[in-house]
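Input: one structure, supplied below.
Per-chain numbering from 1; labels A, B, C and D assigned in written order.
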């Protein structure tokens, strides 16, 4: 009807099968919600579905499938378009891998403690909605599934409804989601035009004019960006993501944010027509600030899951920078550089989905076995939960972009892209790229600090609470889930070049050119950005080197030394502290950073209350930080609305006569208008 | 085949060269300081002795130390060593120089640092915590600065591969550029901070609340301490050779040249190292240590310099093409 | 042709007359359900007899859907009343006599609404609307509590003023038609007026439209003419609130639209668009803000009705095929959803024994099914998928943005503000520690399920016939 | 035909004067009397229309107006007032002077409007319409400037008078309309009565200020 012939492919079929499975799981769990067994059965269901979907996605990505058809559902006349192309396939892979691992984690959930009719039926529904967003082929279907995604995740966020904080988080989350959807509505309204061509193919056929394009861009960045958690709209994210059960938090942070990124890519790179250079500016600016800001929040926060949420904000910033660079290069006709930036962005989406899920699952394990998320109640878990600790360490190193893990691969590609900056014809961009590079470097260093802190406080040292001291290792399936993700992080780090060559068609589609010199490196696994002479990163070789030198060192030392080891009390310069509370705490760890960055970014202020000698009350150090994003963009408008509503509310309490006066007044006004008008 | 073997050979040489030279460099620095202070000071080979002694001693570990604490020193040494082995020293274009470019190099050092900081927190004493937190704070300023410096060089040379940068600087008639000068200053500051030298940290102190690096390694002893000391010395070498490679690569044997040229290169390299070490010593006696919270501003300066450098580099590129 | 129109109108009135005589409230309840079901069948049968217009009645694409909807919701509401009002007797809020009286009047009200919907003669349309209004006035006051009487009094005074103004507007329309169509009945027949619209007296049409807008607008509940609406909804029996929100507002708006057609069919007459846009936006945004201060659950949703009527008026003000289509769709969806919400609210009020929001907590713990019903209703009305309102709001906002970007900000703003309030209240009701008491729910939940089911289906799939009506009606509306 | 116009014009004008009198009057019985007078004038006007237009069925309306509004309702209200012991003088919200000025403004507005826009229609309709509109607006004005429920009812009914005047002024408007008006007025009265008595049960005055202390949604 609108140009889309009925062309389907096995990959698309597989994806649809998975979707049906998800739906079946949801319905099943909803019907038998009284039986714990039925609820538990959701997860195996989801594993199968996710495996199928992920397989289909991978196949479609490699085969560069493009298939789709139209159903007589949704909007009348236009109908519902289903479409699968490399882009959807790639993000489909991200989504379903995330669902797969989190579902494996879910198998290990404690039947009596954790399973509830408020969570299990909505877990597959949520996965379903995310998949629908990816294969939607028209504006209506897209927003439909988009909003469905928000709604199902809202249910999960408020699943622990007795806690007022979670209710608040849920409210902020869904309202923010609605605002985002509204601005996406505008974006699609602009794309569709007055004629109402809501199908993506129709939009592609007639891209909007420059002014409308600008509006659409703004709408897309605001709408999808707020969902992804771009600063300063991010304030809902650290509330909502931690509120959900941990495996759902993993999905929200690791996967749903990527769906939002998909939305932006779909609109800006696919539907909006040929890019103009200044489109890149908001991406670069917002991205760079978000990257640094997110980490500053993270490094000063004292709640394990909230720290992870903030670091999600940071990574979204990095992804935005990547998108901005790709856009700028593409608009300036530098296809190769655009390809590098795009590759970096896509890889980072993939990588972040892995290590962030890993970290959240680990946090979930900690929360489950200690019942605490606050840094001041944790510590020393590496002894009680060695496996979790090991995997979490992998995650932490990956997210801090340390070799040989996957976080570094995308980081490296991104720096290569930044280095191509001088080729920009526009001075603004040429000036901006080093600035962006500096911000990225700062973010990378801060990330390391943040996760050293997180790991050190939670897993190292001595337990800070009884719960932490009595922690127990998490269940087998959870360990398996984390092992999978950790393995992916390592493989992704070693064989990033393989991943890149796998997504070449997608890069081609988005950037206009493939990566120029893949596979021209010295070894088949060396990652080459522009050409072999300019920049190579060969992870496997480095890994081998590390092994060799590590072994050599060990041999050397053990040959020379008697390998005698004695256990003794901690030395601590001869001042062993009895109480574990005397350890360096999370806030004391971040104090130097707060001193350096806090004052400028958060208007941090310290007040010290030192009692006089002889006075026996304790001395106090109080620190006040301002979260300007929250205060200005969230709290203030909310207050304004309430205040205005209080004003207007007097209209509910007038006398009948004054209501009559209103009617009369309206009539007279209209009559006067009429009298003047004609 | 023949050639590959030679390159492999060269690479191996470099690996062990840096390892062997490292303690001596520290020794030279200490010796220089001593003589500036009118002390006799320990002989240059003292660090070797210390290392041997440490290795031979039994190592005492806190009961509540974890596997991470025990394994960290090996990993730290490995990371630093690989990094040091990959920086072009006496010859460029060795077997595996290409494996890691400048960015990767920074990341390798970052990994080592992160592990050290974690190890510092493992036992759960407040000193370890102080050390780690300050180390990471310093890193958040030093690492970006370093990265920017590296990128500046890469920009001027049009590549992030250090050998190529060196080659470029050797071959190209280098007109002295402001950006390079700024970059040099920034890199030196970073090097001081990263190697825990005065004015950022004082390698010779203990039991002071001002210490950073030493505070992290307080709990280590015996062979573990030895490895960490070794890593620290390697790091010093690495930075000096990096500065040498980036700013005065002269005398370095160019790619695909035989062992003969390498000897010359090696000589030049050792000379550079020696000079670097002495200059470091001289610098350390000539100035005092800063308060920890002044460090932020100090390194902030490095960051600013580096940023200016890369900015100017971009502009010059603009002039060039 | 039009064989079933007499049935649609006749059945309710006749059976109302009968019910007055029937003793025993159970019998009268059953009679009510039966009669409404028959009416519903008659309404459906309109699909099979071909549409057409006589001098007094008309059935065309514009009203056929509304007639069916009217009879359907009337039927479900009567089912709901049967159980609900029974409960009111048990709690002693009503006496059996009043209940008989109630059922008879219910039928009378439905009958007069059907008159208004099927009327081709604008005088007749007016009569129908007014009878419906006056009957509902009495029903609102049926509990005879001080607040109920005050609500009814308010409703009555404002309603009668509305009546009179609308009537004056009708007279003006007649005068406008007099020239072209000659004196007597023809000048009051809508189809003829519509056909001859271009020859009518433009300036009289303008004046007429102003009076009709104020007059019928009072019934639609557009701010600032809305004052009667929240109290009437809050104080009357819940089934009546459902019918008020679900049907009476629609019927009034339908009447207004009929006149809009005539006016906008005239080249020189004023364009009703801007006026409707402004009034629509005022109602939408005003109601959205009022939601925040509500303490009474029924008043809350009454204001949400004002908000949606505003949105619909805005849509018709925008005009154009897409906006009109969306407006009609939204009317249908809103009447289904809102009546469903009021059914749910009725259950809640009976379960918790109060209408005060503060007294209702943790429904999702004590009454999960009811909680889901309420939540679905609220999300449906807030325009979240997978429900029908999402489609209409999607169309309204996108097409507005495509045509006048700066204008689209206002409805979006209003809707978001409203959503913030509704979600807030919904969370208060559903979550947290449950409050006492928690009775079992006695009233039937079938109507609720039927409505929400329909809304859900409409959100995913609109049958082509329906779409056909809407498109042709949208065409008529310009 | 000309004097036909004069007479109807005269009657309509007198009705308008009556409306002004209603606005001016502040003693409740006098209000009722004036209202009765206006109703009688209305019936005369309608009758005259019936005669001139040769539309005998309009006489019904005239009769309705005469009996119902001219006699029954005023008497009923009179009785009610006595029974309920409403205070005999009407408190006004706005002073008489202001009210009258407003009334004049409204009248001129309606005249201006109608005369300006209905150029096409014949003078006859125009005059009738203009005066009717004026009477309607004045009726509303009365409703919103008086506190007392009875006077509000009166105001509303004088508004109805204006409507009927307009309806009859419109030539050849079908009977259905008058019937409906009468019908609605009947209903109106009926409901009014019900309410007034209910109110009597609940509160001890017909002063609707007393009604407004509930106003729902108490904080």
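Criterion: a contact is a pair of C-beta atoms (placed from the backbone, for glycine too) under 8 Å apart; a residue touches a chain by one contact, two chains touch by 3 or more.
Everything numeric here is computed off the predicted structure, so don't read it as measured data.
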Neighbouring chains shared between subunit B and subunit C, ordered by label: A
Centre-most chain [mean C-alpha coordinates]: A
Comparison of A-B and A-D by number of C-beta pairs in contact, larger one: A-B
Most distant chain from subunit B, judged by the mean position of its C-alpha atoms: D
Distance from subunit B to subunit A - Cα centre to Cα centre, in angstrom: 35
Chain centre separation (subunit A, subunit D; CA means) in Å: 69
Separation of subunit B from subunit D, taking each centre as the mean of its C-alpha atoms, in whole Å: 100
Subunit A-subunit C separation of Cα centroids, rounded to whole Å: 44
Shared-contact residues (touching 2 or more other chains) in subunit A: 652, 656, 660, 667, 671, 674, 678
Multi-partner residues of subunit B (each touching 2 or more other chains): none
Two or more partner chains touched - positions in subunit C: 153, 157, 161, 165, 203, 206-207, 230, 293
Set of all touching chain pairs, with the criterion as stated earlier: A-B, A-C, A-D, C-D
List of subunit C residues in touch with subunit A within their complex: 153-154, 157-158, 161-162, 165, 203, 206-207, 210-211, 213-214, 218, 224-225, 227-228, 230, 270, 275, 286, 289-293, 320, 322, 364, 368, 379, 382, 384-386, 390-391, 394-395, 397-403, 405, 408, 412, 415-417, 419-421, 423-424, 427, 430-433, 460-462, 464, 467
For the subunit C and subunit D complex, residues of the former touching the latter: 121, 123-124, 126-127, 130-131, 134, 137-138, 141, 144, 146-147, 149-153, 156-157, 160-161, 163-165, 167-168, 170-172, 174-175, 178-179, 182-185, 187-188, 201, 203-204, 206-207, 230-231, 234-235, 293-296, 299
Footprint of subunit C on subunit A - complex, ascending: 72-77, 117-118, 139-140, 143-145, 147-148, 151, 158, 161-162, 164, 167, 170-171, 174-175, 178-179, 182, 185-186, 188-190, 192-194, 196, 198, 215, 641-642, 644-646, 648-649, 651-652, 654, 656, 659-660, 662-663, 665-667, 670-671, 674, 677-678
In the complex with subunit D, residue positions of subunit A that touch it: 652-653, 655-658, 660-661, 664, 667-668, 671-672, 674-675, 678
Subunit A-facing residues of subunit B, complex: 15, 52, 55-64, 66-68, 74-75, 77-79, 81-82, 85-86, 96, 98-101, 103-104, 107-108, 110-111, 113-114, 117-118, 121-130, 132-134, 136-137, 139-144, 147-148, 151, 154-155, 158-161, 164, 206-207, 218-219, 221-223, 226-227, 292-293, 296, 300, 303, 306-307, 310-311, 313-314, 317-318, 321
